[in-house]
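As structure tokens, here come the structures.
Paired with chain B in one complex and with chain C in the other, chain A is shared by the two complexes that follow.
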Partner chain A sequence: MATKTKVAAKRAPLETLREADETLRLPAITPPVTYPLETLVPEVRHQTPAVGQRATRPDGRLHGLGQTRYIDDLAFPGMLYAKIKRAGVASARIRSIDTREAEAMPGVMAVLTGREIPVNSFGPSLKDQPVLADDRVFHAGDGVAAVAAVTEQIALEALDRIKVEYEPLPAVFDPLEAMKDDAPKVHAPNGNIYATKVIRKGDIDKGFAASDHIFEGRFRTQMVEHAPLEPHATIAMWDPNGRVTIHSTLGRITLGRADVARTLKLPINRIRIVATIVGGNFGGKNEITQEPVLALLSKKTGRPVKGTFTRTEEFIATTTRHPIIMDYKTGVSKDGRILARKVRLVLDGGAYCSWSETTLGKACILSAGPYKIDNLHTEAYVVYTNKTMTGAMRGFGAPQVCFAYESHMDDIAAALNLDPLDIRLLNAFEEGSPSPTGQVLHSVVVKDSLLQAAQRFGWKEPRS
Partner chain B sequence: MANVTLNVNGEARTASVPPETTLLKLLRDNFNLTGAKLGCDVGDCGACTVIVDGKPVNACLMLAGQADGRDVLTIEGLATLDGLHPIQKAFEDNASLQCGFCGPGIILSAKALLDENPAPTAQQIRDALAGNLCRCTGYTKIIEAVQDAARALRGEPADKAA
Partner chain C sequence: MKRRGRGIACMWYPIGFTVSANPSAAVVKINEDGTATLLTGTVETGQGSLTILGQIAAEELGIATDDVHVVSADTDATPMDTGAIASRTTYVTGNATRLAAEKAKLILFEVAAPMLGVKPDQIEARDRKIQVKGYPQRNLAIGEVANHAQVVMGQPPIGAASFNPATVALDPETGQGKPFSTYVYATQIAEVDVDDETGEVEVLRIVAAHDCGTAINPMLVEGQIEGGISMGIGFALQEEILFDDAGRQINPNLTNYIMPTSLDMPEIEVDIVKSFDPTGPFGAKGVGEPTAVPTAAAILNAIRDAVGVRITSLPATPEKVLAAIKAKRAQQPKRIAAG
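And now, the complex of A and B:
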């Protein structure tokens, strides 16, 4: 095939050449694109005042011209397309995987299963996530096998021809259920609670005893997908020297490099990760997904392999925001001063840890709100369930607890017939207030911000 | 394989593609015009918007064969060697694009609007861009940029009040 292409390249007109491209999947010949030659490079040694200047983005022009190359916009000669077969069952043991029919298909260059991955586990803190399912499926979005083929269509068809036999196992989907002793263990023999954080300050029993009113409330949030407009995409190239070059939409390159090195059992200096502009991350592209799979498919085929997630995969096979069940109990004096607060957070961690420990910590520390509370007890748990894993997303748990403590404040204000603004001004942090963990806070402007905001949008004006 | 001949950015192009090929795949894989992006592949996000015979369409929902014999304008066909298109200029000046993935689609939706209605209201701009999602949530600056571009295209001086 290679000789044929060379001959064709010599004489064939452009369109025939493109057909030759089709067989080798060479990047197509680009028509001349005209765009302005002036660039946005700032003048050298030209000092501009940082404040008061209108800033434009240095990459804004390329974005607007459509010339920014995201990973999915790249192509390499001979590139193959990879697709991953998703389990579709939440909890099961894999009895057998039959890939023979898929491998026999014309155009299918390689098939990969979890057993072929040198070290089949990764994760930013706990290494509990397999790259492809080994013999157990922990959630429906788990990959069970991967295919590299000359076109995406052939790869998709090959997925259908992979026969996987499952033995269904009991699953647990509710985090509160998962905390019970008799709940099915997601990662047996370990329990489902995989991280805990407790903050104690003062004496909450005394605080509640001294309170005039005690309010309780439960707040829940839902799972949220980052849904960046650009889906996860990767191109892996395993060269004959045993070095791997990975173009990826990763946001945390060095962490990804360590995880790829671990899973491929290679020294880290043999892994090169090239990351370009990311088309939206929001925390969802902080860890590897398909990178080791594509690297191994590239090793098997000797060709670059590209994989781009479908929108469905974005939802089922990448991290999401933790749903949290938040129980608040607050003791207040007659005039609305908070005397004691007890908080219990249960984070739904999904099937794998991912960034749960970080999220747990931040949610726990911030769960009391920006309020002076002398007697505080916060306990937070993150538990495994047989669902899509939850991980980093803008705020790391802060938005969930903010929804809860502010809703709780509104409930208290309404019950005490207080203005929601006044109860916040009464309790808000001041200069030098200690945080729940004892950090002394400086430059505290909560009250100023509240008052200014209230004035700007006319909070005190009569409402209809 | 289906043979398609279409006019892309003012140039006649032909390709032979499998019949299930979408216009988006044709533009990206065969013509290497990667400005139109694949975001959702089901017509929800608008990242693949191109202009076909003057109308904005989701290129992921149109088959290559359906574009046969038609005029297609992609983001690559907007600027000239002399300079940026006024819409692109306005988007740059307003720093309207953050990650930029939605940008080409939004600029083309805006162009289709301004071609039909040179003086749209903010609401009309919002309606025209309803099919284009920006997950970085920069809609305010995007709408301001379209307003600036409309002024520039009408030959009015830019609004320097802001």
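And now, the complex of A and C:
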């Protein structure tokens, strides 16, 4: 059946296009609804002083009425639909990309490969990520070519007609393996450890020597996805003045504009980025993804071009949370005071740096926990692997290290027969405590939060 | 049999990010009728930042939340912003917003001073009025002053400002320095049931006490905490991207990558811890990310409390929990025999 349809498509492209349009495409614009235009503003929004009010959100009304226009709700005359071909192999050299068959398809308006991108690299700190892989594939979700077509379906079919020849290269997936000298280098000639961080305070040898008990533990976390309701979506429009307007689901438009300008080799003032309302970010929309690709497809075709990631692309082609391997060693006194702590963190950085340096820094600084520890040594490494890139995600490494230091804390409390609440109160920061980096902390309320939560929970009440 | 357990976890978290400067700028324009427009380059991503920033501008101008319209996220129209990242919007963009509103307000004070017969520094803005400090009976409607400023005096009340948190670069050898301007603190306590025959964990209740400095909008703080907890539950028990031997994801879809739904949500009780940060706008710090930080730790400690096993790798799937329970049972008879 499928073959028959394809044969028919060649014979009667117009009919097929119409059929595709009518049967497969959802309407691009939400059907009109009736709602009162005279807005009832809740009293709380009219009250002064404004701070402290449980004021309702002006965007909440639009969400509730289904009137918020997300990128995928927008349509412009003549708009095309873009799709990106994903490598599907984790580590390879690209021998050739043959786009001829795709370009000849009716309904396909343009095809783009990495070699056509003026500056084919980007990244918030290290510029180690290609917009579209041109010479080398670093992870299976890398884009290798893009298509703009009159319908999404034609664009998808065109992806299948693009022939890419790969030469497989050695790959490494385990971060501890990747740290070894003989491991395959993800970004040769550079080593796989691409950033390190060390915090040293006091004298840990003395601290451990003075300790009554020493506890050790290794903790690991997994890779997770932000999974926002709205996937990454972009519309790019190249205008006759050589300005490009990009509607995009970006949480950081200022940085996004600079990145787009760099990749397209355009002055910043020729780029306009509009983010409108974004349907969830959680750190996953803090850098550009397909924006330069769509801009160039729009330049090639003279038409607006829209690209919306599928849920699968959200997983394989956008950033994720860093898996971390966390080794803790803690020396405590008989009564449960932490005298020394050594922490070693290995972050799985995936194929590209993205926001790893920030994540590494935060994880390293926070890994000792909100506790007064005079003797501390923390070292953290982030390493390349041929996996989906890891980047910013709600907490920048903090949920991972909190899982480790708080699990470790309860293990210590259990061994010393201490109440988990009490051992925390004994060690917690106070106003003016120095942080691991020697910063004098202000407005410190960790003990207040412990006591308030314990009070509400009924922690000290007898257990049934 | 279901066994009940409870676990506690506390955390600290910085506001803003390190590595480079992270400034924000803002523009506040007071209209002729005393309402105002705020221009910000930050992005509303569902967290409610535009509402919070509007409240901050309104507070500085002495007007109500609804009096401020917020224009955001258009690089042609709005000033630079480091973005909706690192729990920095309320603190950094909030400070820039407050400073911009203050500048616009000072133009109103200059215009109002001769109208009220006092010096500009004797004036305050409250309840939609420009009034003499300590003598509120002498006042003018803010709209009257704003209109006078623009139409009569030719001084449109517009203020622009930026803010960048004060930090000290870290020493590369020792890591000593001041990477962040301020931190928030929080505790979450989880109560769970663990089925010791299946390894299944059900989170029954989470008590969350979070510090965010001044809560600019307590309702939105509660919303952030509830959302963060749902993310923390997924991290603790369900979510995991899996790869095959060739480095390809095997569950890149919402059918096989399991996330919490409303049915997985426990009862959540939220406390906002009283706190005031003098460096934040009206004492505020932030709350976005920290809400997702201690949840997994609290749940894993509750599992240990319930069935006595320490799961050291996330997520604590039923398979993993059951295997740990079985391993523990296998060890117990030996101990009795040895003892």
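One rule holds in what follows: the second predicted complex is superposed on the first by the 419 of 464 C-alpha atoms of A that agree within 3 Å, B and C clash if a C-alpha of one lies under 4 Å from a C-alpha of the other, contacts with A are read in each partner's own complex, and residues count from 1 in each chain.
By our rule, a contact is a pair of C-beta atoms (placed from the backbone, for glycine too) under 8 Å apart; a residue touches a chain by one contact, two chains touch by 3 or more.
Note that this is a predicted model, so its numbers are computed, not measured.
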item	value
Which of chain B and chain C A:153 touches, first, second, both or neither	first
Which superposed partner A:220 touches (first chain B, second chain C, both, neither)	second
Partner chain(s) touched by A:446 [first = chain B, second = chain C, both, neither]	second
Which of chain B and chain C A:88 touches, first, second, both or neither	second
Greater chain A contact set [chain C / chain B]	C
Partner chain in contact with A:59 - chain B first, chain C second, else both or neither	both
Contacts of A:282 with chain B and chain C, given as first, second, both or neither	both
Touching partner for A:366 - first (chain B), second (chain C), both, neither	second
Which superposed partner A:72 touches (first chain B, second chain C, both, neither)	first
First (chain B), second (chain C), both or neither touched by A:190	neither
Contact residues of chain A, present in both the chain B and the chain C interface	55-57, 59, 227, 277-282, 311
In the complex with chain B, residue positions of chain A that touch it	15, 18-19, 27-31, 33-38, 55-57, 59-70, 72-73, 75, 153, 226-231, 277-282, 308, 310-311
Touching residues (chain side chain A, partner chain C) in the complex	41, 44-59, 88-91, 125, 139-141, 171, 173, 197-201, 217-225, 227, 250-255, 257, 271-283, 285-286, 311-312, 314-316, 320-321, 357-358, 361-362, 364-366, 369-370, 378, 386-388, 392, 394-396, 398-399, 402-403, 405-407, 410-411, 414, 420-421, 424, 428-429, 435-439, 441-446, 448-450, 452-454, 456-457, 459
Contacting residues of chain B [partner chain A, same complex]	8-9, 11, 13-16, 18, 20, 28-42, 44-45, 47, 74-76, 78-84, 88, 91-93, 95-104, 107, 133-136
Touching residues (chain side chain C, partner chain A) in the complex	6-14, 17-19, 41, 43-46, 48, 50-51, 54-56, 58-59, 62-66, 70, 72-76, 80-86, 126-128, 168, 170, 173-180, 182-183, 185-189, 191, 207-211, 213-220, 228, 231-232, 234-236, 239-241, 243, 246-249, 251-254, 257, 259, 269, 271, 273-279, 282, 285, 288-290, 292-298, 300-301, 304, 310, 312-315
